[in-house]
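In what follows, chain A forms one complex with chain B and a second complex with chain C.
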Partner chain A sequence: METRKRAFLKVIILGDSGVGKTSLMNQYVNRRFSNEYKATIGADFLTRDVTVDNKLVTLQIWDTAGQERFASLGVAFYRGADCCVLVYDVTAPNTMDSLDAWRNEFLEQADPLHHDEFPFVVIGNKTDIQAKSEKNSVTQSWCSGKGNVSYFETSAKNGSRVEEAFQTVAQKALEQDTELTKEAYPSPIQLPQDNNKSHEGCSC
Partner chain B sequence: MLFYTYRESLQKGWELIAMCLAFFPPTSQFHSYLETYFSKHSDSLEDLPSVPISHFSTQCQKRLDKMMQTGPKKGHRKPTLDEVEQAKKSVFYPSMFGSSLEDVLILQNERFPERRLPWIQTTLSEEILRLNGAQTEGIFRVPGDIDEVNALKIKCDQWTLPSDCPDPHIPASLLKLWYRELAEPLIPAEFYEDCIENYANPEPAIEVVNKLPDINRLVLAYLIRFLQVFAAPENAAVTKMDVNNLAMVMAPNCLRCESTDPKVIFENTRKEMGFIRTLIQTLDTSFMEGIV
Partner chain C sequence: MGCTASVQVLPYSTIKKTNSNQQPVNPDDNNLQQENQQSKDNNVNESKDNKVTEQERRQREQQKQQKKTTKKSRSSGTSEGGIRLAECSMSSNNPSLPQFIETCVEYIEAEGMNTEGIYRIPGNKAQVDLLQNKFQEDPNLDILSLEIQVNAVATVLKTFLKESEPLIPFSLHDELLEAAEKKNEEGVLQKLHPLNWEVLKYFITHLNRVSKQKENHNMDSRNLALCLWPTIIRIDFSSYDKMAQGTRIPPEIVQTLIDQYGFFFHGENEV
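Here is the complex of A and B:
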């Protein structure tokens, strides 16, 4: 086990501006919360090592500037992501309505192998201000309609459920990574033995 | 469409393509077919007396180019009848969004021959102030409801401004969208490198502004003057949008990095923001007083 290279997992956080993407990442990686109101410049990442299924993996978490949904960061940035976190603000219902657009943006740019199976984690943030999302049931059904999506309500401020949410992110990212490795080296194709046989219609 | 010789059908066929291209892009296979078809019909000698085919094909090609850049229309709601109607009308009455500054001025020339600035720019800016945007937390950062923003866009293209807008974030988002969607960036591409190099040096940064084409210089100076209102400490204390935040959210609407290399994009983002911050802090915009 020691000789095997440690899994390195790329996670991208998306969502409208001001929903708390940077704060979530900071709470998870540094266990800190800052009251400073600061728009993110472009994109930035932090890493944290975490154990999943008794395996140590490194999460590289990319925080992005949310204000310019349509000025995308470019395909190269999204490529190779193993999990995508979509964040909205439980106190601002219209940020939940944007989840679709963010999800589509990600799928378009990253263009993963199987769009419907790609892992997403949806986070409704700021439960310290409002204990439960008004849109809780709407979000739940949105998530269950989109395939591989888990849902958490967190507070980046007091840390509530942040650890759990990212543990799921790591779990899903690792599964995705393992899946991709499998697909990259599929079992060899079995060539038919008698190559000289003439082509007579369909062989099946 | 090739087989329809009946004029009304021909007209409707072109209208339909134009309308579709206002909402979603074609598949990649259909894309090249469309381009060929449009270029084949761009000659005005081919126009029928009642069907301006060449005009349709030019407009459709423009829409196609824009659609390939921006992707399908965002938002939850299906297009409203108003929006569909507008998509048809705008073939002959173009939108203020996605046009060049010159074309925007031509569009408003009949209504506002005296104006030197785009009506849409000053109207939305004033609306934000009227709705107390200068005292609203997260102004220009927090997005307005996307469906409301789309609805306001339609109204503006009809030269009206609803009096019942509930939230300054709506006109603020639309104003950002207008800058961002200009056919050519507000600070044109040939000045981009100058901005990146001089992002922290007031004198050469202001020099870049002075070198801009007249209309770009005026529109940019109006924007910077407007942002200076928000950067004032008494406003920033309430909005939490200090000069750094304002510059951060506005820079992508003024400058467009052409590179596709993520490393270059990241490095330049900081400098683009720095350039706008330098302008907010040092550009003397008093000459804009009274200019509309």
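Here is the complex of A and C:
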């Protein structure tokens, strides 16, 4: 019997404008790609159910407008996130340089319990434009220097590796969620069974 | 020499926000979180108290407070303070237009009309910093000589407009939003200080010219409005809910201004 409620995992997508955050989310959730060039208005989320370790979990994926348009809302957006996806554009090295800033922004605003262990997934998007046989080594070393960070190169346009990337996101989010729950409820207090208690009469 | 006074704009750090009518972001003020999320947060706090010593906790609080203060002092869009437009050195072509704005706009129109996502894609941070420093020395500078990407110029201009006094003062926001419902923004624009009106006119007219070349850079008036409305109508949302409700009208207003720039700013008929 499933005793726990289905896990509800919150995922935030961050990165510079135009790197493909909305497109990635749409490809993952709706398996659709639009060629329309459209800036994101504020922040919105889509959800998708996914199975991780034989458990059905619900991913709530928050897409945000890039470029600090709503910097003051960081706390409200980020709070309670279980995993953060940092997206850059493999055809624009500039956007890779921003990963640090976005990661710091997230950690500062969301302020998770253990900064160094908080799960991030870095996605280099737009491999359909610039496909390489090997993954970007600069990004890879950035990721390995940051602790709990996985790295994928995807194309939101043709769908390449999008599914795998978000499967990892779901996995990490679930681990984070489980970890938090464990820390919050260290061990259940065992109440001794009091068999001798008299149930007769009142206690006054 | 047209411009002797140095422009008192930029960089972020020198700008002092003075007023205090700013609403601090109250994390408790939002209903964004699902119930289980909220309980998770509470639990996190509890276990934090258990795990971290009092001293560590205090240290962390202090650091956080410091970060918040620094962040606030450079964060944009929430203060009526900032550089006064009237204090900038003005263009020799237009005494109501800061030279700095003209320099950026002319450069963007000359170099940026084939740049995909102009005003959307942010500029390289190092180039943005460099340009801001150079502008402090000379608002009339020749950007071309610096070999700077046009996106960085757009970012510097956006940053300036977000950190100077707002083009549309906060006191007119409610009125403008109401007027927009009745398609009657014009009356509110008439209430702007003449200098703000001139700058807004110049900037919106520029954005209209940009939007006309959307085939080259994908930034139609809708996209420009989406990326620039928080710069032009600097509403300070104190919670996610307020933002969710409040982000429909402002981009529509800015798009209308761009599309109908002739009507609003040049006495032409509405098209």
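In this section, the second predicted complex is superposed on the first by the 177 of 204 C-alpha atoms of A that agree within 3 Å, B and C clash if a C-alpha of one lies under 4 Å from a C-alpha of the other, contacts with A are read in each partner's own complex, and residues count from 1 in each chain.
Basically, contacts are C-beta pairs under 8 Å (C-beta built on N, C-alpha and C of every residue); 3 or more make two chains touch, one makes a residue touch a chain.
All figures in this text were calculated on a predicted structure; none of them were measured in a lab.
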{"item": "Side-by-side fit of chain B and chain C on chain A, or clash", "value": "clash"}
{"item": "Partner chain in contact with A:Lys38 - chain B first, chain C second, else both or neither", "value": "both"}
{"item": "First (chain B), second (chain C), both or neither touched by A:Asp16", "value": "both"}
{"item": "Dominant contact partner of chain A by residue count, chain C or chain B", "value": "C"}
{"item": "Partner chain in contact with A:Leu180 - chain B first, chain C second, else both or neither", "value": "second"}
{"item": "Which of chain B and chain C A:Asp111 touches, first, second, both or neither", "value": "second"}
{"item": "Which superposed partner A:Phe77 touches (first chain B, second chain C, both, neither)", "value": "both"}
{"item": "Partner chain(s) touched by A:Asp97 [first = chain B, second = chain C, both, neither]", "value": "both"}
{"item": "When the two complexes are fitted on chain A, the stretch of chain B hitting chain C, from 6-14, 42-50, 78-86 or 186-194", "value": "186-194"}
{"item": "Residues of chain A that lie at the interface with chain B and also at the interface with chain C", "value": "16-18, 37-43, 65, 67-71, 73, 75-77, 92, 94, 97-98, 101, 108"}
{"item": "Chain A contact footprint on chain C (complex, rising order)", "value": "25, 27, 30, 32-34, 36-38, 40-41, 43-44, 46-48, 51, 64, 67, 71, 75-78, 116-117, 120-122, 124-125, 218-219, 222-223, 226-227, 230, 236-240, 243-244, 247, 251"}
{"item": "Sites on chain A touched by chain C in the complex", "value": "5, 8, 10, 16-18, 37-43, 65-73, 75-77, 79-80, 92, 94, 97-98, 101, 108, 111, 113, 177, 180-181, 183-186"}
{"item": "Residues of chain B touching chain A in the complex", "value": "70-71, 74-76, 138, 140-147, 180, 240-241, 244-245, 248-249, 252-253, 256, 260-262, 265-266, 269-270, 273"}
{"item": "Chain B-facing residues of chain A, complex", "value": "16-18, 37-43, 65, 67-71, 73-77, 92, 94-95, 97-98, 100-101, 108"}
